[in-house]
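You will see two complexes here that share subunit A, one where it goes with subunit B and one where it goes with subunit C.
This part shows the complex of A and B:
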């Protein structure tokens, strides 16, 4: 509970200020109508795009209101001992594991011996390139103030600074696409894909992955609630 | 009760909270720090931080997209 002193200070400061807030509902209405019109045109051209448009808007809404930020997920644990977002990410990985397990199990039962290219999901190799890429991305993410998701969200909120970050994104992805064959030739093609169901029973692999994620969740919770060292 | 203002306008996450933590360390019990920020995430972040560290906190939005975060040291 804030003390009386704090409340008095806030009241005194608010009193001396004129109301500077504008009603933003008309703008929201205009945007709503425009996006509906756009959805209608997309519907005429191809149904799939309407779905993308609506899901995109819904995702943006959820991102904005949940403040889900991948940069903060990894940053806040170290800076402020706050692992709430990290735990949310682990939870979403557990849900993703269950969902993909169901899809892949179904697929593998109908198509025994399917290769990495055919099984639903993306199979990427793990190696030194993952470490280098993650390090570069992590440094850039913290300097830029956010990952792709929060940069796009901020632009929607009306900030101008993330527009520069977005420009950097365009430059970075273009350069990345240009240099990818180099990376692939020198590193990526020599590394292997790790797919747990190849080494053990499918159910055991799913169980192991969820057990590890649950352990990480407990570890993150313990880290946040740990008594500060004095 | 001393009151100090901290201007964090145009600063991106997480710099306002880092600056506030640094500033609060120099202040005495009962003092109030007012952080000015234009990032929507800052208030939410500080609320969590304040709860974790038992600070009193109050968030005001005097202008659209501009927040004042009142933090009182316990």
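This part shows the complex of A and C:
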């Protein structure tokens, strides 16, 4: 089976995590205190950055402790027929959809006719550029062994390799931004944001999305059970 | 199960041991997923901004170029995405803004978690091949993320809950790309 070699590679990459090491909890405590001090300074600064700092720490903490990795989500499903991580991701998206929908619904009721820059969330035009960009991203994520977020997480764990990925990201993102006018001229300019609630009732959009996510969850479960795990 | 609950009741050394095990042993994926989803909602509710990563990378990279005398912030890109970046550029907070602080927070959170589990270790790079793949992968992700309005976090993980169709397209084609990436890994790394 060709994926055995890759499995070894992944094991190799993760091996360092399992080695026995000295007690590092005191350092963690020092860092926790420093983080709180920094949060206090951010709060005093008054630019509303405190939430970003604290939620960022929580996100990094959860990602690390649950070994959540978006690159592995896609990779494991294909190579090892293991969809555990994929199902966790879908669950996360279902929860996110419910929360975001509540926030958006509330906002739109108070601000009818709000633009995409104002509606809470993140929106981008959809078209061939999305297809190309996402494909390139998918290839990069798997060969680098980590996505944009897990690069940060693994730098925090002390790995050196993600620093190189980060450097690559800087180079690629700069090139992409520089080239943007070409892409805009050839494919982006005639596309726009497709915000689902504009095409149907708000509740129907949320319901439809959750139904699709739930169906995908079932599909992922079926996909894994189809072949017994080795 | 019985063992676990008795540990929870017994404070003192047993409690510390249970705590240590809780921090060392990976949490189940579903728990991670639930918490990440809730944290993203919390961030949106409190700050009005969703979790995103690559915007902060772009600002850092452009900020570095600016230090070298280039003028990246005059590129058309930043005109096209004015609502997101105009204020940050105008106030000269390219290195210090909500996006970069969020990124630093994620790294700090992971560092704290690794230290609490006593599993922090400075890693070394094993071989040029691995380094080349890491660099190339980064470049592909960086370039791709400029076309899709964000990385797998902003463009996908936050995009799907935003009810924006682009995130669904991102999901499908990132999976296709991941499939090719996996084939490439097998071909060249093993």
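What we mean here is this: the second predicted complex is superposed on the first by the 191 of 230 C-alpha atoms of A that agree within 3 Å, B and C clash if a C-alpha of one lies under 4 Å from a C-alpha of the other, contacts with A are read in each partner's own complex, and residues count from 1 in each chain.
One rule holds for everything that comes next: contacts are C-beta pairs under 8 Å (C-beta built on N, C-alpha and C of every residue); 3 or more make two chains touch, one makes a residue touch a chain.
Being a predicted model, the structure only gives us computed values, none of them experimental.
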item: First (subunit B), second (subunit C), both or neither touched by A:95; value: second
item: Touching partner for A:67 - first (subunit B), second (subunit C), both, neither; value: both
item: Which superposed partner A:157 touches (first subunit B, second subunit C, both, neither); value: both
item: Which of subunit B and subunit C A:22 touches, first, second, both or neither; value: both
item: Which superposed partner A:120 touches (first subunit B, second subunit C, both, neither); value: second
item: First, second, both or neither for A:221, with subunit B first and subunit C second; value: neither
item: When both partners are placed on the shared chain, which of subunit B and subunit C touches more of subunit A; value: C
item: Touching partner for A:79 - first (subunit B), second (subunit C), both, neither; value: both
item: Doubly contacted residues of subunit A, that is, touched by subunit B and again by subunit C; value: 2-3, 5-6, 9, 17, 21-22, 24, 67, 71, 75, 79, 84, 145, 157-159, 161
item: Of all residues in subunit C, those that touch subunit A in their complex; value: 23, 26-54, 57-58, 60-62, 64-65, 72, 75-78, 80, 83-84, 97-99, 101-125, 130-131, 133-155, 157-166, 169-182, 184-186, 189-190
item: Complex contact set, residues of subunit B against subunit A; value: 1, 3, 10, 12-14, 17-18, 21, 30, 32, 38-41, 44-45, 48-49, 52, 56-58, 60-65, 68, 70, 72
item: Of all residues in subunit A, those that touch subunit B in their complex; value: 1-3, 5-7, 9-10, 13-14, 17, 20-22, 24, 67, 69, 71-72, 75-76, 79-82, 84, 145-146, 150, 157-159, 161, 224
